[in-house]
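Reviewing the structure listed below.
For reference, chains read A, B, C, D and E in written order, and residue numbers begin at 1 within each chain.
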Amino acid sequence: MANINTAIKAEARDLNFFYSNGARALKGISMPLYENKITALIGPSGCGKSTFLRCFNRMHDLYPGNKYEGQIVMYPDNTNVLDAGVDPIEVRMRISMVFQKPNPFPKSIYENVAYGLRVRGENNKRIMDDKVEEALKGAALWNEVKDRLHDLAFNLSGGQQQRLCIARALATDPEIMLFDEPTSALDPIATANIEELMVELRSKLTILVVTHNMQQAARVSDYTAYMYLGELIEYDDTDRIFTNPGRKETEDYITGKFG
Amino acid sequence: MQAPMELTISPRLAKNIRRNVKERIIELILMLAALTAVATTFAIVGVLLYESVSFFKTVSVVEFFTATEWTPLFEDAHYGIMPLVSGTLTTSAIALAVAVPIGTITAIFLSEFASHKARETVKPILELLVGVPTVVFGYFALFFVTPLLQSVYPELPSFNMLSAGIVMGVMIIPYIASLSEDAMRAVPMSMREGSYAMGATRFQTAIKVVAPAATSGIVAAYILAVSRAVGETMVVAVAAGQQPTLTFNPLEGAATITAYIVQVAMGDLPHGSIGYQSIFAAGLVLMVMTLSFNIIGHWIRKKYREHY
Amino acid sequence: MEHKASVIENLAEVRAMIKRHKRNDTLFAVIGLCALMLGLITLMLLFWQLIADGYPKFTIDFLTEFPSRRAGQAGLLSAWVGSFLVMSVTFLTAVPVGVAAGLYLEEYAPKNWFTDLIEINVSNLAGVPSIIYGLLALGLFVYILDLGQSILTAGLTLGLLILPIVIVSTREAIRAIPVSIREAAYGVGATKWQVVYDHVFKYSYGGILTGVIIGMARALGETAPIITIGALTFIAFLPPSPITAEPPFLNFEWLSSGFTVMPIQMFNWLSRPDHAFHINAAATGALIIIVTLLMNGTAIWLRYKIRKNIKW
Amino acid sequence: ADKIIKIDGSSTVYPITEAVAEEFQKAKGVKVTVGESGTGGGFKKFCRGETDISDASRPISQKEIDACKEGGVQFIELPIAYDALTVVVNAKNDWVKQLTVAELKKVWEPGSKIKNWKQLNATYPDKAMNLYGPGTASGTFDYFTEAVNGKSKASRTDYTPSEDDNVLVQGVSGNLGGMAYFGMAYYEENTDKLKAVPVVAKEGGKPVLPSEATVMDGTYQPLSRPIFIYVNATSAAFKPEVKAFVNFYLENAPKLVKEVKYVPLPKEDYDAVKTHFKAMKPGTGFNGTSEVGIKITDLLSRIK
Amino acid sequence: MANINTAIKAEARDLNFFYSNGARALKGISMPLYENKITALIGPSGCGKSTFLRCFNRMHDLYPGNKYEGQIVMYPDNTNVLDAGVDPIEVRMRISMVFQKPNPFPKSIYENVAYGLRVRGENNKRIMDDKVEEALKGAALWNEVKDRLHDLAFNLSGGQQQRLCIARALATDPEIMLFDEPTSALDPIATANIEELMVELRSKLTILVVTHNMQQAARVSDYTAYMYLGELIEYDDTDRIFTNPGRKETEDYITGKFG
């Protein structure tokens, strides 16, 4: 599945991260994200998967005292996302995120999807309608909700809510999408839907997904990174990782001997 | 590749700057609002100190704290705050003697014994006691409770600290009950389950586990109640008598700091006179008293917060 | 079999002991109920007394008549209008400032000594006796700022008095909003203020309103600070209307007008020699309690509704 | 802006002024506010020019005259009724039949140590004496101390003071040994709980109960007193509504004063006061001191 | 490991359980607990393990509206624990419980362990001291805390707190001990300690333990029950369940194909 010709969309370079309590949660991680590919992050609980993911859209900036070291460079413009001079809001407009538990706003379905556009100052109703429809279609939710766009989002099922959150993230045409265990709160059928969706989305953008479910990583991703205790132990084609891992630790984890 | 990127990014940067300026301004406005709280405190302390300083130009601090008579408005003026302090402390002590046990028992009852539904209905009703204008309580004390007490103990004068204190106590029951109940409810269910799993009864669980676990919240409620009692005005002004007397005997009448202030304020004391200044000096003492209670309460809450 | 016998014997002992312990349960339940009833019964007694005394005045006339020297004709008109106007000023000052302060403390304030100072301040202000606010108003508003014994002075005083209540309830309402919602909003590129206004504020205003209503209910019954600013007066007229027929249609003269409010009117009537006035006072007291009850009831209902509608 | 007549001052006079204000508002539609800060408090505002009229239950004092001068306020002094300060005891008190002024002085003078009825008179029972009286900002207090103790504001301090006369009523009615003094109106409303004490003006004189008759005929001494309103002369001259109000006041005083349970002046005195007001003669007939037992017409004629 | 000669200590008979919202969380479960054995309950999240466990000491009675159907009979006295006539307090004195998250009382270490005795009306200091020491020794905590018995229990580490909770449960000589995922909040070393402890305790009493960690079930238990959606799918010797399960569902779950 891997393809050496693919362009790199973003790249972590010797990334360290420290929580405000001084804990070093990431230890010198360097890793590429290939354009229009899905990269999966796996590893035991507490290894730093979420921490790493949240560096990409500077989520850690929301809590005082957190510290980044190193770079995350985005291409083609060579912007170091972590640079203090780069506005995190700008970063988040380019890199959007889907969370573990669906977290729609207590607003209507329409308003949830439109929110990212409103934040960007878009007010034209026509454009907005189009974009909302497009995003909901992209998130494979349009058919289910097109007749009740002004219903409260809370009235959707868990899987629908998660797709709504994906539509919300999609509406603003991000370059990269981050998923943090996007299916862990969902039932198997909803999970399958979301996985399928991610694979479809790949054609439009670059995806980084954290999962604790190895089967899921194997099913959806092109590349897989295995992390342990804040370190990147191994990064490779998903096929290689799951069939022929280079490191003993990875193998132990994947075969369930450990964790 | 580089050049066109520049073009797209610079207008974005301009937008960033505009956005950031707007964000700053908003933050500043919100901060100013928060500073109003500080400003209010400073204004209170400032006004009280300003008038008190003039007061203490006439009256020595030593006299203020040691003299045993308080008659600033009479020709034979004495300026000993102690009679007002004794009245304040006595009425507050009576109020607490009523409110602390009853409030705490009510809280335990509501939190551990009453059904969810009963609690949700009763608590708001109880909280209504807080909304009753305190004047009403004042006249309730004078016209209802005092005669009631007199029928038991005929020697009791019409104005006495006992009846004012009791009514004030009833008045602050809801504070103690409601806040202590909140504190007990915040005790995690796992703690209760732990106790019940040991075979404890409700009473044992409530007394031995829940109440101790909620101690900080309960004590904080007591402290709030103390500062309410100390600062309560209309009940004591109406029912305790307004004669400054250095006594701790609840069966006598006496004036409290608050009663003195409101009594004087009811007439229009000329700005700048010693009488006018005396209410600010009395107010300063009151402020210092409640402030110290509040700080103790704050400290207790902080020290014991989230132990589980 | 021996084992079985010992288990059963042991059980009998245990049962006897449980019975003893459960007696304490019952005993405490009874004591607790009595304690609870004490508060409730006092409230009922008070309320019943006021109603019983004041019921002859439960008429429309009582609300549409001005105070009078004749108890039978005396009404509450100027008092309730005064209360309403004072409360409006209180609302318009305490709510924006309190909510803004709450938003700042919860969403913006860095954790340092300075915000600690503000925090301690707010919690202290909540415990400052109302009469001290009266002294503040007397010294600052009446004399230094020369606002006189006006609706503005009274409204501002009560506004400051309930400010801590508004701040605290704002903060509590805000805290109920999960981090995930904030992160979701930041995640699509919202600025801080957009997150705060579009989400934090909008989802918490029900809770804020609850606190505001409770604060206003308290301010409505406050007597001591109003007496302290010296507003014990016979007022048998209404302040100038805030709305006028000619442009600019708004008139702010009412702010500097003299006034009376319900608890003051009640206090005034109570201090009359003629007992007929005490009926008026009782009716006023009952009315204040009823209004307070309605306000608190609204607050409780709101809280209930919010809890029911929004489950994070 | 709306015309507002501002009145403040004596709580004794308050019921009369309030009654007039109510009728006047109904008749003329002019707004009137009436405060009750006590005579002294009222004069403070009056002399700062904040009020148009000040109610007073005693004549203006020298200090207040000076303050008014400083504030550039000229005033017209108008007696409008009589009040009888009433000394009351508990209705169940069966030992006090009368009190002489000397006895009252013994009780109320500064430093008085009388705490028990027996100390006052050996024939009285051994019963604690609880004292209640008006607050120090009141004219009633000033007048009583002047009339009984010989010096205005000179009083013992260990009694329960209240600006709210009802509280005093409650105090005496709840204490068998209670004693208080206040305006007659409050006694009249509470005759079931209180007993008025006949006062003997001079040793060997006759005990006199306060009543309309004994006030009018001048026998209830020294506790009957005229009560006043003081009108800001500038307001009276330049604010037609104030002038109209005062005229209305004097016109309706006989009826309204009686209604609120005070003693009206004799008709000829009201006529004299009206004439006096028409002449707009500022000044006081008292020279800044209180006097006991003066006639209205004499008083008015003193003002030059 | 299984032994047919072992006596049955307790037995669920056609047990149904309904939460106050009407949800039927247990569906006709019948299962024995052998005396002085460890029985493990496994199954995917939400299958009703905790619900079943908490029936044994009538924990559900604490929340109004819950309903039991069927029986849990204790031997040798043949008491039906769920009988309305049986006082839940009595049941809890015989069957004690250790919770998922350590939940010591905000009291001293000593008082925590003594609590059960005090609840039983014991006041003799000598007896109490002995019992506390014995229980702490039984929970393998004595050596670590003997010098600071009057320290606040909160000052102990998570693993120590959990052992304290075991000591607390142990002090009153229960006949059965219930463990609801007792190690899920603990680190691996503390987990190993607790597991060892359970095995030791087996000689004194009967143990029922819920775990989501199959390795743990395999390590400590004598019998294992696999539950799914409120039903008992399979119950057998632990060895048999893990080597040769009788049902396809069990096998799928154990080999990680599902869940």
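Note that a residue touches a chain if its C-beta (ideal position, glycine included) is under 8 Å from a C-beta of that chain, and two chains touch if they have at least 3 such contacts.
It should be emphasised that the depicted structure is a prediction, and the values quoted were computed from it without experimental measurement.
Chains that touch both subunit C and subunit D: B. Remark: among chain pairs B-C and A-C, B-C carries the greater number of C-beta contacts. Between subunit D and subunit E, the centres computed from C-alpha atoms are 85 Å apart. Here the spacing of subunit B and subunit D, counted between their Cα centres, is 40 Å. Separation between the centroids of subunit A and subunit B, computed from CA atoms only, is 51 Å. Note: centroid distance subunit C to subunit E, computed from Cα atoms, is 49 Å. Chain contacts: subunit E has residues 89-90, 93, 119-120 touching two or more partner chains. Under the contact definition stated at the top, the residues of subunit D that touch 2 or more other chains are 8, 35, 37, 164, 167. The set of subunit B residues touching two or more other chains comprises 19, 201, 204, 266, 268. By the document's touch criterion, interfaces exist between A-B, A-C, B-C, B-D, B-E, C-D, C-E. Those residues of subunit C whose C-beta lies close enough to touch subunit D in the complex are 66-69, 230, 232-237, 240, 253, 258, 270-275.
Within the complex formed with subunit B, the subunit C residues making contact are 18, 21-22, 24-25, 28-29, 31-33, 35-36, 38-40, 42-43, 45-46, 49-50, 96-98, 100-101, 103-105, 108-109, 117-118, 120-125, 127-136, 138-140, 143-144, 160, 163-164, 167, 191-193, 217-218, 220-224, 227-230, 232, 263, 266-267, 270, 281, 285, 288-289, 292-293, 295-297, 300. Across the complex, subunit A meets subunit B through its residues 76-77, 87, 89-90. Those residues of subunit B that touch subunit A in the complex are listed here as 1, 5, 9, 12, 16, 19-20.
Listed in rising order, the residues of subunit B touching subunit E in the complex are 115-116, 188, 190-201, 204, 208-209, 212-213, 307-308.
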